[in-house]
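Before anything else, here is the set of structures, which you'll find just below.
Look at the two complexes coming up: chain A is in both, with chain B in one and chain C in the other.
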Partner chain A sequence: MRKDAFLKTVLAAAFVAFVLWGGLPLFRHRHHDVPIVKGPGVTAVRRLSEYSPGLKGTPGDTFIYVLQGREPGGKALLMGDTHSNEPEGMLSAIIVVENGIVEKGTLYVIPVFNNSGSRNTRPGDGYPLYFDVATDWGQRRFRFGNRDASPLDQWPDPDVYIHYPERQLLSYIDIRNTNRTWPGRANGPLMEKVTFGAMELMRREKIDLAIDVHGAETMFPVTNCIVAPESSVKIATLASLTVKAKEGFESHVERSPVGFRGLSHREIGDHGPALPFLLEAPIPFLDQPTGPKTTKLLLDGKDPFLLSLSKKKKLFVPYDESGWPLEKRVGQNLSVTLEIFRQFSKKAADRAIAVSGVPRYADLVKNGVGHFLADPAKTPAGGVVMN
Partner chain B sequence: MTTQILVILAVMIAAYAAAKAAKLSVELGIFAAAVGGGLAGAFLKTPAIGELGRHLVEGSTTYLDVILVFFTATLFMTIVNESGGVDYVVRATLRAFGKMRLPALLVLMIIVLVPGALTGAGSVSLLVVGAPVALALGRLGVPKKRVAAILFIVAGLSAAAPPVNIWAMILCAGTAIPYVGFEFTLGIPVLFLGTFTILVLGWKKDTGTMSGNADLPLTTPGMTWWRVTIPFAVFFGMVVAYRIWPFSTPIFGLSLEFTVAGAAALLLSPKRIAFLTLARDTAKRLLPLLATMVAVGMLQQIMTATGVRGLLSFAVISTPLVLLFFLLPIIIPFSEGLLTYGGAAIIGIPLIWFLDSIGFHATVVIAGLSLLWPLGDGLPPTALIGRLSTMVSGYEGSYKDFLKATWLPWLAVTAVAMGMIIFSSKLAFLVRWSM
Partner chain C sequence: MIMIAYYVITAFLLGLLAWNFVREKSRRGDLALYLLVMVPLLLRLLRWK
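Then we have the complex of A and B:
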């Protein structure tokens, strides 16, 4: 009897130790804040809950960086981290916040659109918790999150997600996916409140352009592209042709399907004034047939299995030994974003948006992402926002 | 890199084999494979040793939702059973249909199909209606082995049936294909295969097992129709209410819906039920199954972190098309047996992208594949639906014999599924009918 009790005690202690060993890093990841430096162009920092009060005090709330121009003009919204396992979106947005100066018009930037997802992990998928980007002054650390919000913040899931307002049936997991919950509801589940907040921002501030920055697998047909509905397709095509001619990289245009609901490129235009664009840069890390899911693969995008599949013509993007590194992905996103601004400004001169200080594709490929990231430690007090 | 990953895979297999040799349970075997693979991977820092604990703990939560549903659904049905509701239903069903074999079998098939079709989980079908249907089939003279086989195949089909098919939803979500056009594309093959299964396995009477009404279980005094139906009406009412009024009905989730239905069954029971003892016994009974889910999640996480999962996916995608068609009936069910829904993401998503790009009709291919995946729920190491089928039918013979009993419907499901995949473009009219 005594021996039995002793064995049970030892097993219970081992179990607690095991849970602490594995659980504490997950706890720390959830509470790890990422500093974002308010760059020279930032004129205000707001919260999404100002547009969707139901978000106040919840993990769904997030920061909006406002870069108001010297001259009036059009308005644009830039969103990163809609899917927090596609970090090229967040990094593109951070580079704009930390470097951009708006000459004309106003820019609203949300670097961590799905804050809950960025503090979540993806059980079963073996992701790293963080990744470090080498900069001119050292390493800068970022959280690596999940495609969906954390069940700790929005739970339970229904057995099937019924999209508002179209009633299309979607996978139950998509109720926590902020690229399926557009246009959202003020009193819906947390992630619908997030997308509702962004819709309200666009409606109240009269946003002209909304750009949602993502990454997509190399085996996914909708990758390396700009997804646009009918209303934005002309500007998207001009931007695509211009970056190919002037900067030498491909980013083709994909039409937003009318029958697939809940996505930003479909619902933003159908429910608000803005012209939506969704940018996809190829991210090999997310492909299924890859080697170990390491931060190295996340950063350099080099994988021998994908290389072999590329030779068998099973990928939807060109792929060679150089992989698809982070600087290329972020560079593409930034160049396409700037080109969309330029093309829109040409069409609507009274609503022009002019931004300076943001690097383009060639700058990123030459100098790396880290070169354009500020050092939070050397920023004066009040110049850093913890996200 | 391939050699490094193959070594890790070999260590995983060796750890599993060693655990089996030491007569450890399936779930401990899977846990050993996960730890072994993680330690082997740590030599190359994929993952680093300091990260191993985090990966194991994180992986253990992969199927937390499914575990909660299994527990709450089983508890609900155990309460219904304990209150005498199951015996009451079996007696009444046989009284109504006992002498009309064909309608009796078809009604029982539909009863199994409905809960799984509504929730996307064959386990829910088995946990909610599996026991009474098994008893009814027994009374119709179907031996327990064939009862378990019927439940396994039909519960699998219920999970694939529209409107909710989790495999198809995972594939649609991962491939950016709208989850529309599946009603006839899945509904017709599911009804055809369900009818085929119940007739092939249930038509022949085994007079030795068949018993007359005299042998039927006695009903608990005070048990009435409304006492049995209200808890089920509470459950299905909550499921259906969300479908009809999705924007004004609170989201309860299946676990809470089963819990509320269980509370209703407890309150309406004509006899007093010792709830805590019942809950403890249910947890004990389900422990091996739940532990398997925890361990499979850990294994899946380690397989991804070490690259083993990617290598398997790579092997499938690299296979020439004709050979792939021959291998799919094996690969798809085994991926489900090993990774449950993970198989759909790892193999299914790249496969759909590939087949779509060479002219196959993606929606029909997804429907075809989602008929194959449920077969894997009878295969080790997880064998979730297979084990549940034997559990609720009371079959205590060899698991291998139970699987053998499913061979003909298994072949029929495979033939229909492969036909749908290979001739997907010719079957595109099913999608058009559904729109």
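Then we have the complex of A and C:
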């Protein structure tokens, strides 16, 4: 009897230690806030719950940085971290928040669109919980999240996700994917409330352009591109041609499919006033046949298996020993974003959007992403928002 | 509402497994299995994963 109790005590102690060892890093990651510095152009910081009250007090709520211009003009919404395992979107948005000054029009920036997803991870794929970007003043740490919102915040998943309002049957997991839950609804599941908030923002503020910044696998055909529906395909094409001619990188145009519902580049234009664009930069980290999912692979995009596949012409982008580093991905996103603003402003002069201070592709490739990130420790009180 | 119900189910299952663990007398392999199955349930109940 005593022997039995001893064994159970030992097993229970091992169980508690196992749970703490595995669970505490996940707990800390979920509660780790990332500072974002309010740059010289930020005129207000709002919350998405102001547009979707159901988000108030939930992990779905997130910050909106408003950069109001000196002169009136058009309005644009820039979203990063729709998929929190594609950090080039979030970093592009943060660089705009911390460096951008709007001369004409107003810019709304949501760096962490899927806040819940950014506090989730994918342990089965060996995802790192954080990544550090080298800056001129030290390392800046960011959370590395998952494609989908955390099941802690939206649970259970259905057997099949029935998209609202089209009733198309989608994969069960896409009910937590904020690029399948557009246009959302005020009383739907949490991720539908997130996309509903963004739709309301666009409807109430009369947003002209909505840019959703992503990353995509090198083995996925919809990569290194701008995805645009019929309404915005002309501007996307002009932006694509211009960056290729002037800045020397490719970002071709993909048509947004009409029959595939729930995606930002489809539903934003169908349910609101804005012209939608979805930017995809190649991110080798997301490809399946790579080596370990390390922060090094995330940052430099160098992988010997992808290099081998590239030689066999199995990738949809050019790939060599230089990989596809973060600075290239963020640089592409920022240049294409600025070019979309410029092309739209040429077309609608009374709704022009002019932004200065945001680096372009060549600046990023030359100086790195960290060069454009501010030091939160050296920012005066009230100048930092914890995300 | 459904989410709350799932948390209640999780707590119930966790209690059931813990009770079986305490009551088990002879099969040592089962003791380890009870604890193993409790890991994800406890992590969810603690809202860690």
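The rule we apply is simple: the second predicted complex is superposed on the first by the 386 of 387 C-alpha atoms of A that agree within 3 Å, B and C clash if a C-alpha of one lies under 4 Å from a C-alpha of the other, contacts with A are read in each partner's own complex, and residues count from 1 in each chain.
The rule we apply is simple: contacts are C-beta pairs under 8 Å (C-beta built on N, C-alpha and C of every residue); 3 or more make two chains touch, one makes a residue touch a chain.
Small disclaimer: the values here were computed from a predicted structure and weren't measured.
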item	value
Superposed model, chain A: greater residue contact from chain B or chain C	B
Touched partner set for A:R47, first chain B, second chain C, both or neither	neither
Partner chain in contact with A:K312 - chain B first, chain C second, else both or neither	first
Which superposed partner A:L26 touches (first chain B, second chain C, both, neither)	both
Which of chain B and chain C A:F18 touches, first, second, both or neither	both
First (chain B), second (chain C), both or neither touched by A:K234	neither
Chain B versus chain C as contact partner of A:P156, first or second or both or neither	both
Touching partner for A:G126 - first (chain B), second (chain C), both, neither	first
Touching partner for A:R185 - first (chain B), second (chain C), both, neither	first
Partner chain(s) touched by A:R203 [first = chain B, second = chain C, both, neither]	neither
Residues of chain A contacting chain B in one complex and chain C in the other	18-19, 22-23, 26, 123, 155-156
Touching residues (chain side chain A, partner chain B) in the complex	18-19, 21-23, 25-26, 121, 123-126, 129, 151, 155-160, 162, 164-165, 167-175, 177, 180, 185, 188-189, 219-222, 257, 259-261, 287-294, 304-305, 308-309, 312, 314, 316
Chain B to chain A touching residues, read off their complex	1-2, 5, 41, 45-47, 51, 53-62, 64-65, 118-121, 163-164, 166, 169-170, 172-173, 175-180, 239, 242-243, 246-247, 251-256, 297, 300-307, 309-311, 313-314, 317-318, 342, 345-347, 349-350, 353-354, 356-357
Partner chain C, residues of chain A touching it in the complex	4, 7-8, 11-12, 14-15, 18-19, 22-24, 26-27, 30, 123, 152, 154-156
Complex contacts: residues of chain C adjacent to chain A	2-3, 6, 21-22, 25, 28, 31-32, 35, 38-39, 42-44, 46-49
